[in-house]
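Mind having a look at this structure? Questions to follow.
Chain nomenclature is as follows: A, B, C and D, assigned in order of appearance, with residue numbering initiated at 1 for each chain independently.
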Amino acid sequence: MSDKNSVKDFVLSVEGLTVSFDGFKAVNDLSFYVEEGEIRVIIGPNGAGKTTVLDLICGKTKSTEGSIKFRGKELTKMTEHAIVHSGVGRKFQNPSIYEDLTVFENLELSFPRGRSVAGALFFRRDKEVLEAVEEVAETIFLHDQLHTTAGLLSHGQKQWLEIGMLLIQKPDLLMLDEPVAGMSVAERKRTAELLNRITKGRSVIVIEHDMQFVEDIAHRVTVMHQGKTLSEGSMERVKNDPKVIEVYLGH
Amino acid sequence: MSLNTRSLKTSMHSIKTVFPKGDLFYLAVLALFLGVLLPMTLDIFRLNMVGKYLTYAFVAVGLVLCWGYGGILSLGQGVFFGLGGYCMAMFLKLESSDPESTKIQSTPGIPDFMDWNQITELPWFWEPFYSLPFTIIAIIAVPTIFAYIIAVAMFKRRVGGVYFAIITQAIASILTILIIGQQGYTGGVNGITDLRTLLGWDIRTDSAKYVLYYVNFVCLMACLLIAQFVRKSKLGRLLVAMRGREDRVRFSGYDVSSFKIFVFCLGAAFSAIGGAMFTLQVGFMSPSFVGIVPSIEMVIFCAVGGRLSIFGAVYGALLVNWAKTTFSESFPELWLFAMGALFIGVVMAFPSGLAGIYKSHVEPFILRSWQKLKQAKPQPPEPPTSVPEKAPPPKTTPQNAAQPHPIVLTGSISPVGK
Amino acid sequence: MFSDYTSAELLSIFAMQGFAGLILFSVFVLMALGLAIIFGQMGVINMAHGEFMILGAYVTYLISNLFATYLPSLFGIYFFIAMIISFVAAGALGALVEWSFIRFLYQRPLDTLLATWGLSLILQQVYRSVFGAREVGVTLPDWLMGSIPLTETIELPINGMFVMGLTLTIAVAVYLLMYKSRWGCQVRAVVQNRPMAAAVGINTARIDRITFALGCGIAGVAGSAFTMIGSTGPTAGQLYIVDTFLVVVFGGAASLLGTIASAFTISQAQSTMEFFLSGSMAKVLTLLTVVIILMIRPQGLFAMKVRK
Amino acid sequence: MTMQLKVNQRRLAFVHKLSRRWLAKAGLAVCAGWILGASAEVNTTGLAVTDKEVTVGILHSVTGTMAISETGSVQAEKLAIKQINAAGGVLGRQIKFIQEDGASDWPTFAEKSKKLLVNDKVAAVFGCWTSASRKAVLPIFEQYNGMLYYPTFYEGLEQSPNVIYTGQEATQQILAGIDWVVKEKGAKTFYLLGSDYIWPRTSNKIARKHIEKLGLKVVGEEYYPLGHTQFNSVINKIKLTKPDVIYAIVVGGSNVAFYKQLKAAGISLPKEKPLLLTISVTEDEILGIGGENMEGAYAAMKYFQSLDNPNNKAFVEAFKAEYGNNIVIGDVTQAAYLGPWLWKAAVEKAGSFDIDKVRAASPDIELTTAPEGYVKIHPNHHLWSKTRIGHALKDGQYKVVHETAELMEPDPFPKGYQ
């Protein structure tokens, strides 16, 4: 780990992060740093604690120890929605969209305005909203499906929709949990394209198993094992790390 | 692209957003039914009974928002109904306990039950209820604040679903024991009875019953309008969204608990208005409307009407109560069987209640007849509002959730593949 | 309030009060065990739990009449037979109910609440039609109604000890069944991952039915035992429902040990408060404390923290 | 009527239509009354009286939690009506009854009483059991000027011109009982226990005052919520305080639990250490408690099934002939039986069915044929009656061990006991 710069150069600094469930430490004294504009991919065997790390950053799980700083703000003490407001967006492993609502409504609900009770009550669909929805829908290849009920979309389209729901929030840090899981080869390609396009100007953390996809997008890779960092660096370097080969890539 | 923009632009129009054509029609039918048809055909005795049933409709409408939309099942709505009713009853009781008519008591000027319990001075929390404006505020504020406290405690800690239901049930049971036990202050198990006048106006006469029926009717319509506004606002869509994907809503930057708190408080406020109207029309309030059994019955009114339909809830409250009265008059033995079967039947066969039946059976039939009629005569002879004259009262489901209840239904009913 | 009494008197009273708390504890456990299985393990909110208990009580009443008429010489032991038949009867009704509608509602817990509430109304009316609206008096064998004097003031009620023994037996049996038997392992497998359990060849429908029946059967035994301390009438079941649910929820729904611990906590709190306060206030305070603790710790006292 | 018309002027057309129908109906009724000339003399207020028949109402709970208690009253009232009819009816008219179900729900009681008075125009109503139901119907009886015969022993604190209270009010039951245990059993200390609602609380208050007046001591007073089933703690307190008398006013399902647990805890009632005196357990309740658990307790009431007098023998025989040999008759059942007879006597004394005339005739009406012996209506609408002490036997009956020498005067607002 050569890049020990001062904290403020990083978008996200995770230090000494630990969480334990009844004594079992799912994440154990983990530290890593994400730079401005970086695409970081976290890989590791099942149960390594990857998803838990995202849960901790976005506030879904409360840490036992350690700190998560995002642009100098301590996230571990904040509520989930406050973390979102500060600019962190998160996509879940299984596409998590509102299946009873249309694509349009899905995006509209994610639009970052009228987030309070009164705001939601008196929210108006004005030009700003319409334009933002149109723009994002185009980006995620769904502009023809705006009035389709989201539950009727294909699996890949649902994944895109959820990414779109994050995009419309204009987050500074985007966290994606297995964005191409269950996609066809063609869809994967388009998704990689999509990610490359949308990551301009923001930092991204991705959890992924698909090594080809990882190679396509990753700036840096963190390998996790049993709640700890096993290895970190460029894809090339990680691939050749004997520890990584032993626990993960080897089989 | 241009097509999308056009259709979106039209949906920007705000009155249409709150009242799509269908809902406006349902509202009009309901208003005609309650405001014109029933008063014309029923004598004042029956109309007063309908008025009493309609006070439960307030609770049912609140439950549609809480339970149908918000997914929060409260088994303690009777608490709020009761609190609203007690606030009203306290005002009326003070008015009927003037020193003149209570001069045989050892302490004239206080309610009779206090006198029987050796209370010689009006308790401090009764004092403000001499004022009607205070009472009207209290009717809504007291239950809403109480609901707020419960809701903040529970939703901030993410207590939901079954746990919430059971805790509200326990609260209902605590409050009942308290009201019964503190009889010097509350009238105990007998409740607060013998309420006569409101600012000198005798509420027991037939003419007063008419007026009260219409006051009740107007309040109900107002609540329906509020409910409709909430339902059609972004908040309504958020509630639907939350029910299925609470985490997604949370990670879209919403404080989920605040929306639940809001809708629960709104439901409580509706129930409280219902309770106050109940006191006015029936002339007393007692702890038997606070407990678990009435609270669960209120849920069934909502379920029968259709848990996603605010208009259905009103019909549900009317139908179940009407059936209860009729059945218990003619076949008292069978009543509990019928009620039990209704619970099971609605849950098993008609999870969307009357509204669902209307959507799936009645409406298509009307539309088909309408089509036939159109084909027979080239010019449409009459406006659509007069069509369902002979058909049972129309019920509705909200537009954006035209399928039956999304989370509670199994995949086989919901068209949404999982 | 204690200044008027000698220390010996006080000691014996505290002993008695502790014993009263233990009886209450046993009663709570007995009420809650069946529900802990049905609600905790299967997620079904069985509002008719009280009515299943009362079924057991009515069966006991019938059996006692049968013995009094046909086998008066064996009257002393009828209670054991009555408990077994209560178990079978309530269990059979449970299986029937599960088959006829509960099985369609596993994904909709709040709907099970409404449906079983409907069931409870129907059962109440059945009891009323069959046994009459009045409470029935269940005659108990004399040996069950006495007490064993230990000292002048300390007397151990036999029925209380009987309930405690019964509770212990049933709790141990349920524990062995759920955690030590192959069947219990299957039940827990189904609870935790239904599709997976089905995939490895467990007949989940059958497991569901038997589990539900077992829960109802235990309720039946509880009802049978409660003829010793409570009333048997068409609506008596409703008296138990709130307490029972609170015990289960307070313990952390999915944990049987939690249910027992919670029954212990609530019963001790209630009997202590009953001793120092008046009955109604003790009840209110107990319920209030439970509700407040549940608000602070919604997952219940003893639920495991799990990684989701 | 004028009120009705005044309002109508301000009202929409449909109300006019309605009231015209109403007028027509009323007119028809008047015509009918005029044609049946003979009935007009004994019925000037349009009650449901013809030359052959007079209609009365029976209003009790047939369903719900109170059905347990109210069954006996319904049976007794029906028996009395049958006997009166067999003996030639009232003023030569057969009594026809309309029975309504209050369903253990107070608004239902109010609703049904209004139906009986307004729609059915009954000449008298026999009914209600709990105080809460009576309080709910009371304003309606006063508003529409009906006559209610209320059978239950109750807390007093009420005296309505529209109610005849055929059961005892609290002081009648309590004073005699306490005097007896003090005099005959030498009781010095008392433990007061009750279910937590108005009747036990009021009764215990009177008992406490009386005990303290006698210079004796109350060592404990406890109330448990209705339906409570765990009494071990209070039993321990009783053991600790060692009272001479447990004065128990526990009701409903709690009763069964209390007596069973008392016995199991080693407090043997036949040993009378302490002695147990109750005013809430009639023969009806013993059915549920079990005679073996109640054996040895004392009860203070005005009637026991085992009363040894010719009236009662005939009554019990007739009751058993009607409803089967195993039936038991409690205090309230007998009081309910008095209702129709007292009404018959008052109507015949007044020579009219008019409520006002019946009311005026009621004071000092005597009944020498009452199963309890001789009763007389006091001007305060309660009954003069004797109070008896019964000793519970294993077979579920009471043996009468004492009877007050004089009739006890009813005193619903006892000075010095409040």
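FYI, contacts are C-beta pairs under 8 Å (C-beta built on N, C-alpha and C of every residue); 3 or more make two chains touch, one makes a residue touch a chain.
For clarity, every value in this text was computed on a predicted model and none was experimentally measured.
Visitor: Using the touch definition from the top, how many steps at minimum link chain A to chain D?
Guide: The least step count works out to 2.
Visitor: Relative to chain A, which chain has the most distant C-alpha mean position?
Guide: D
Visitor: How far is the middle of chain B from the middle of chain D, if each middle is the mean of its Cα atoms, in Å?
Guide: Roughly 37 Å separates the two chain centres.
Visitor: Centroid from C-alpha atoms only, then distance chain A to chain C, rounded to Å. What do you get?
Guide: The separation of the two C-alpha centroids amounts to 48 Å.
Visitor: At least two partner chains per residue is the criterion; list those residues in chain C.
Guide: 128, 238, 280, 283
Visitor: Going by the touch rule set out above, which residues of chain D reach two or more other chains?
Guide: As it turns out, chain D has residues touching two or more other chains at 196, 223, 225.
Visitor: In their shared complex, at which residues does chain B touch chain C?
Guide: Result: residues 67, 73, 75, 153-154, 157-159, 161-163, 165-167, 169-171, 173-174, 177-178, 180-181, 292-293, 296, 299-300, 303, 333, 335-337, 339-344, 346-348, 351, 408-410 of chain B touch chain C.
Visitor: Hey, which residues of chain C end up touching chain D in the complex?
Guide: Interface residues on chain C, with respect to chain D: 5, 9, 13, 16-17, 19-20, 23-24, 27, 128, 132-140, 145-147, 149, 153, 155, 157-160, 228-236, 238-240, 270-271, 274-275, 278-280, 282-283.
Visitor: Going by the contact rule at the top, pick out the chain B residues touching chain A in the complex.
Guide: Residue positions touching the partner: 1, 4-5, 7-9, 11-12, 14, 17, 229-230, 233-235, 237-238, 240-241, 244-245, 247-256, 258-259, 262, 400-401, 403, 406, 415-417.
Visitor: Within the complex, which stretch of chain A touches chain B?
Guide: Those residues of chain A that touch chain B are 58, 60, 79-81, 84-85, 89-90, 92, 96-102, 104-105, 108-110, 112, 114-117, 120-126, 130, 134, 143, 146-147, 149, 151-152, 162, 165, 169.
Visitor: With touch defined as at the start, can you tell me which chain C residues reach chain B in the complex?
Guide: Result: residues 39, 43, 45, 47, 101, 104-105, 107-111, 113-115, 117-122, 124-125, 128-129, 238, 241-242, 245-246, 249, 253, 280-281, 283-284, 287-288, 290-291, 294-296, 298 of chain C touch chain B.
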